[in-house]
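Same chain, two partners: chain A is paired with chain B first, then with chain C.
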Partner chain A sequence: MTAVTTTPPPRLPVRDKAEARERAWGGVSPMLTRLAAERATGVLVRERGTLHLAEGRVVHAESPAAPGLGTLLTAHGTLDADTWRQAADEAAEPPGAGLLLVGRGRLTRGALELCHLETLYDAAYFALAPSSTPGRFRYTSPGRSGAVRAVPVAALEHETLRRRDLLHRIWPDPATDEAPLLRADTVALPALTARQRAVLHLVDGVRTAPEIARAMGRPAFHTLVDVRRLAAAGVLVRGALKPAEAARIETTDPDITLLKRLRDALESL
Partner chain B sequence: MANTETSLKEALASIEGATGVALVDYTSGMALGTMGGSKGFDLSVAAAGNTDVVRAKMRTMEHLGLKGQIEDILITLSDQYHLIRLISGRGGNGLFLYLVLDAKRSNLAMARHQLKRIEEDLEV
Partner chain C sequence: MPGIDECLLEVMQLPGARGAALVDWTSGLALGTAGESPGGDHETAAAEAAELARLAAEHRAFAPDDPENSVADPPVEDVIISNRDSYHVLCFVRTSFDSSVFLHLWLARVEGNLALARIRLGEMTGRLVLG
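Then we have the complex of A and B:
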């Protein structure tokens, strides 16, 4: 037997970690970091969502991809839809409506705080996603309704990066995050959790992950976690894209087309 | 009814030997609140890691076809106890309390009982 020995490859140049962290600091949104430093109050509008700031801390976040506070509170019978709608009409923003309901004894403070934090981090995950257009910030006067909980920008950025990393570790292909989902033809279904079965039940070739999240009354990121796990297990695949999105993704670069065909062929093995 | 911060404070103050406590969402692994811990013991890291413990146990139970619910999970180290209590309330689906105890100073049965009471107070 002959042992094949090769010289080890030269060590890759590694950046100083502390310096890299410093540099990555502006990675999520340099504008947000600056606004936090100057303790700004106002609304940051980004391509995929908005963040509401009060004295440099995030008090509320919204994204079309993430279900709002009302959806979460009404989906599991904590509140009925009418009570929520009424409060939402009276208050300027969802957190204000939540506080109103706490004041009336319809909602417990703990339940509101937890739901608020869940929706805030959930919406911020999408709002802080890499975007193709610059964000805009509008300074406003401090809100009247008060905040449920204010989150430091650093904590929010840290959590957003951790979430991106978590999804990447589960299944590195983001194709299923926004496209309509289809069940794959699998011979044997692997053992699934109750939540995964619930997600799979709503997969119909039309709904996207955020739409499934809304239908279930769960945070969108949590649904993405389940969807990526299902994709990793080969139970789910991306369905046909809606026309507008398909046009954006279509490419004529021969290398990319070849790679895509290769990928599809490998996946269908 | 308590808010999250008072609940965590209470856990740390009233449970003998408690050195850290966290309220964790186990799908995302995010700590919704932490209290205590130390420089050498980052509660958010512990929180994120322990979501895998909870998930593994839940999956095993699904595989076995067990219908019961997990109340708590106990991990004993040579000098610490880690107690995970799943929150069963209506809206609290998907959360757990994570408690770190100093093994020498704590009474496990008592801690478990107190954590259960705090969970009920949290009422989420």
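Then we have the complex of A and C:
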């Protein structure tokens, strides 16, 4: 006789009520709000990106999904790659490298501020995306090179939520945000803008929207706006996920796998 | 060398200037603002102006006929709106990197000089990014 043992069903996730109250005002990260209130200096590492804080304000942001300051400035020849690399080696962070180049007369203050703000809001959009793991904060001493521009946390969170809304209003399905993109078989192509044609030109069934953004030297959110508009027009569809990407999404957490199986079952109804 | 704030303060020196903002027309984000905001709220004004700028920048009908010039991104230089008491000038900023930014000037109609403002905005946006 064999004893049949079954594994107990996974616990259903329950959202912490206190946390829910804190979120009720629409904040994206309660931890970030606390850090802003205590005027913290350091680095907040979240699942999809990193925010650098100085006295509670955001001075730099990075995300693997968003092209950095160097990519933006070298992609169209504003700076040559060697000039940027030299400055990046001398400075701790990209904004510091930008300040060095302004000091040497290679870049105007205005161009640096513009690119810095664009990359900061761009990377923060991804860094502040809903995540499955809590963020970690490391306190550091204030940087030596100074900040290009410091953005208040509230303004950054507000803009991130506004950007989510903007994408949702264009086309509510986020399927094309991270997957490899394919051209759809359309009989008649709608009139496309020059910026959309540039995006579509790089769609090859392999590249994802963030990869296209990097190749164009354009902020990733700006690329997502065009990708969603192209998806809404029926010009683009999601291709097959790459194995590595599928593996990242294939989590081992029983709660999440259960929810995903439920979602897939519901979607196939 | 001027940064965004210095550029906006310079724009506000123009006769009749009521408010100015540097806005990204893809996202609708105001990267900097100075003076009053049309409609009372800088964020809403930026988002609304961005919608208009985007339409002007994207539609083929507003591009020059000459195909050589149409490679400029965007093909439009500025958008001008007038109403009973004011002008709005949206001046596109040309950059050597990929961007979608314009300068929005709100000008009182009585004191302002539209022709002068349009020329000066072009110079100031040029200095902002090119030095």
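The criterion applied here is as follows: the second predicted complex is superposed on the first by the 217 of 269 C-alpha atoms of A that agree within 3 Å, B and C clash if a C-alpha of one lies under 4 Å from a C-alpha of the other, contacts with A are read in each partner's own complex, and residues count from 1 in each chain.
As a working rule, contacts are C-beta pairs under 8 Å (C-beta built on N, C-alpha and C of every residue); 3 or more make two chains touch, one makes a residue touch a chain.
These numbers come from a predicted model, not from an experiment.
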| item | value |
| --- | --- |
| Clash or fit, chain B versus chain C on superposed chain A | clash |
| First, second, both or neither for A:Thr186, with chain B first and chain C second | neither |
| Touched partner set for A:Leu166, first chain B, second chain C, both or neither | both |
| First, second, both or neither for A:Gln86, with chain B first and chain C second | neither |
| Which superposed partner A:Ser131 touches (first chain B, second chain C, both, neither) | neither |
| First (chain B), second (chain C), both or neither touched by A:Thr140 | neither |
| Which of chain B and chain C A:Gly217 touches, first, second, both or neither | second |
| On chain A, positions contacted by chain B and by chain C | 73, 76-78, 108-111, 113-115, 117-118, 121, 159, 162-163, 166, 191, 193-195, 219, 221-222, 225 |
| Residue ranges of chain B touching chain A (in the complex, touch as defined) | 1-4, 7, 23, 25, 27-30, 32, 48, 58-59, 62-63, 90-95, 122-124 |
| Complex contact set, residues of chain C against chain A | 1-4, 7, 22, 24, 26-29, 31, 58, 60, 73-75, 93, 95-101, 127-131 |
| Interface residues, chain A side, partner chain C - complex | 72-73, 75-78, 102, 108-111, 113-115, 117-118, 121, 149, 159, 162-163, 166, 191, 193-195, 216-219, 221-222, 225 |
| In the complex, chain A residues that touch chain B | 73, 76-78, 108-111, 113-115, 117-118, 121, 159, 162-163, 166, 191-195, 219, 221-222, 225-226 |
